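Every chain is named by a letter (A, B, C, D, E and F) in the order it is written, and numbering of its residues begins at 1.
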Amino acid sequence: MKVTVCRKSHFNAAHRLYNPKWDMAQNDAVFGKCNNPNFHGHNYTIEVWLTGEVDPETGMVIDLKILKELIESEIEDRFDHKNLNLDTVEFKNLIPTAENICIVCWQLLRAKFDSKFQLKVRLYETERNIAECDGN
Amino acid sequence: MKVTVCRKSHFNAAHRLYNPKWDMAQNDAVFGKCNNPNFHGHNYTIEVWLTGEVDPETGMVIDLKILKELIESEIEDRFDHKNLNLDTVEFKNLIPTAENICIVCWQLLRAKFDSKFQLKVRLYETERNIAECDGN
Amino acid sequence: MKVTVCRKSHFNAAHRLYNPKWDMAQNDAVFGKCNNPNFHGHNYTIEVWLTGEVDPETGMVIDLKILKELIESEIEDRFDHKNLNLDTVEFKNLIPTAENICIVCWQLLRAKFDSKFQLKVRLYETERNIAECDGN
Amino acid sequence: MKVTVCRKSHFNAAHRLYNPKWDMAQNDAVFGKCNNPNFHGHNYTIEVWLTGEVDPETGMVIDLKILKELIESEIEDRFDHKNLNLDTVEFKNLIPTAENICIVCWQLLRAKFDSKFQLKVRLYETERNIAECDGN
Amino acid sequence: MKVTVCRKSHFNAAHRLYNPKWDMAQNDAVFGKCNNPNFHGHNYTIEVWLTGEVDPETGMVIDLKILKELIESEIEDRFDHKNLNLDTVEFKNLIPTAENICIVCWQLLRAKFDSKFQLKVRLYETERNIAECDGN
Amino acid sequence: MKVTVCRKSHFNAAHRLYNPKWDMAQNDAVFGKCNNPNFHGHNYTIEVWLTGEVDPETGMVIDLKILKELIESEIEDRFDHKNLNLDTVEFKNLIPTAENICIVCWQLLRAKFDSKFQLKVRLYETERNIAECDGN
């Protein structure tokens, strides 16, 4: 039987939603106050959901310590207390919406897990705004 | 790659669970104290989950402001601070269980979104009682 | 040393904010949509905080089972799945605002506890609207 | 249309992660401080998700009172305030990881529900560590 | 009898902790990664607690709509989706720690409420880091 | 102006409520299923609230990193993944109720903070059972 396990983590970052191909008026029309040139920020919560067989020797899909450390090295070290637009290569040319942050986190983590696992990432920008992707 | 986004909202309403085809004894047996003729009420939380492609120009599946406003006009304006049994056409002839409220919200929202989006609605009647539907 | 213990509980009820001495226009001006004549409702959360000496024999200020049962008999049995305006004597002539519900709960519980305990009651009408009283 | 309903519950238990086929050094390497011979414990939260057709007579997939009582008799009475390793037959020869507790709960509940329902169980060992299974 | 009421609200902002009288090494030593020159950010939650007599005509300490609107005009309009260091006069010469943001919010709100009310402000920078002040 | 800051943390532990001066019948009568000889357990949440003057140089009452590390060394290292009755000196001869755990945590932390700070500790045994003490 397959089981899905989840580890939840957090990072706090600044960002700005802005499309450089558009003028300021169009950016304001689409992104509103999220287009503040001086940035604003969020406490992001990330949930990493991994599906696989339970190892009968350990009773685990994956050691949650390993999952925790991978989230730290791949996500927290990269994005925590950073300005997503200025401090990261991932969002140099990609608008850091919740959707795109979610996809980037999925890609960064997908590269680290054996292909036998299915992976889903859920990202909370606020308690009320959430994005989720599973690679499909 | 497809992404699912979610917007969470709230409405507070009174309701009563009661099947007019049954006598009071049978209503009491099935619905218990939810069959109080004077009504009781809940803080309902609704989560609207929408799946679609990310627009590369905006980095968004859908502008969450639009999603927020649709939930306000379709759900909150209709149900917030209302008596679901007495004040709404949707529950004139439909028992306002969490399941039926969830289906009605799904139908109201489905009519407003382009068919390219998949839609799932989750409704919390309390922290412990939840209903969810996606149209299947 | 004194310790304060808390037990949290819930009840779901319908209510209407309405002052019978005023006409409908004034009630609407003051209470807005909370003055719906057909009622609306909430999931109320109540926290009961009790301060006293720790009994060295039990390590307890009060047995939380006793506290839990008192909340059930005094608060839940009285208000859960009720219409506060129609089904209770407490709010026959008292507007069931969060403030007044909080005071009534405090009074009902105060009568049941030994005077050696200090009592504080906190009432959540929603996650965002809270009332608290301690008898002062 | 099918709807999924959920009922959430809790139990508090002690456990130890330990594989009797391994020596202490290997158990420590794999399970770390979860291998404390004197046990540690958790507040487990269980969510039971049931999918089925809505009965037009009741507006319900299943009476949530029945669901609540089944969780009490099958899960809470068995595991609440217990030592999972010492007090239960289920974990005599099975390591009580979140994954295995989730599978056991799913099996115990699956046996009690009509096969027309789909069943998913989610188990929170902490707010940050979660397991989920649906029988596939 | 006096009652305390609370209204909860949110704002999302960028900030940097930095003392201009110190060199970069000392700022790093004291503020660590909070001294990122490109800023980071948070979802701030503010709770405004107001203590006063219950008006027997309304059953209210204060109309929570008024409290909500004051928080919007005094706090949200000023700080939401802003860079606290660059976009506000309040933090031009004041380090925007949770403590100082809490004091500033208290002062802004204190000026708007009648002196008959006691005021307490609680500010959550994250779920785990909180500041609170009441003017004493 | 004084400000109160709070840091929240967690530890997971096993315990048993049992007074060795009483026979089993009396222990069962008082402590019920909490007197399971094989122990049960909880996810404890601890909130440490510290009141003091804000240092104008740092904008802080206390560096929350220091507070976090003190909670780790004094509380988490001592109690996390432990059996409170068997693995700790603090509860060798003291019943590990929420009240007593709260007092012990307060005493352990009080010894580490300058007397210019006021200290309050809140301990959640479950979401519904809470103890709090401030040394008075």
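Convention: contacts are C-beta pairs under 8 Å (C-beta built on N, C-alpha and C of every residue); 3 or more make two chains touch, one makes a residue touch a chain.
None of the values given here were measured: they were computed from a predicted structure.
Student: On the document's contact criterion, could you list the chains that touch chain B and likewise touch chain F?
Tutor: Correct list: C, D.
Student: From the options E-F, C-F or D-F, choose the one that repeats interface B-C, i.e. more than half of its residue-numbered contact pairs are shared.
Tutor: Same contacts by residue number as B-C, out of E-F, C-F or D-F: D-F.
Student: Where the centre means the average of the CA atoms, what chain is farthest from chain C?
Tutor: Farthest chain from chain C, going by C-alpha centroids: A.
Student: Please tell me whether A-E or C-E has the greater number of C-beta pairs in contact.
Tutor: Taking the two pairs in turn, the one with more contacts turns out to be A-E.
Student: Going by the average position of its CA atoms, which chain sits the greatest distance from chain F?
Tutor: The chain farthest from chain F, judged by C-alpha centres, is B.
Student: Can you give the whole-Å distance between the Cα centres of chain A and chain D?
Tutor: Taking the average C-alpha coordinate of chain A and of chain D, the gap between them is 28 Å.
Student: Hey, how far is the Cα centre of chain C from the one of chain D, in Å?
Tutor: One centre to the other, that is 34 Å.
Student: So which bits of chain B are touching at least two other chains?
Tutor: Residues 127 of chain B touch two or more partner chains.
Student: So which chains actually touch one another? I want all the pairs, not just one.
Tutor: The complete list of chain pairs in contact reads A-B, A-D, A-E, B-C, B-D, C-E, C-F, D-F, E-F.
Student: Which of the residues in chain E come into contact with chain F in the complex?
Tutor: By the definition above, chain E touches chain F via 17, 19, 21, 30, 32, 94-100, 102-103, 127-133, 135-136.
Student: Enumerate the contact residues on chain D facing chain B in the complex.
Tutor: Per the touch definition, chain D meets chain B at residues 1-9, 49, 54, 57-61, 63-65.
Student: Help me check something: in the complex, which residues belonging to chain E touch chain A?
Tutor: That would be residues 10, 12-15, 33-34, 36, 38-43, 80-83, 86-87, 126-127 of chain E.
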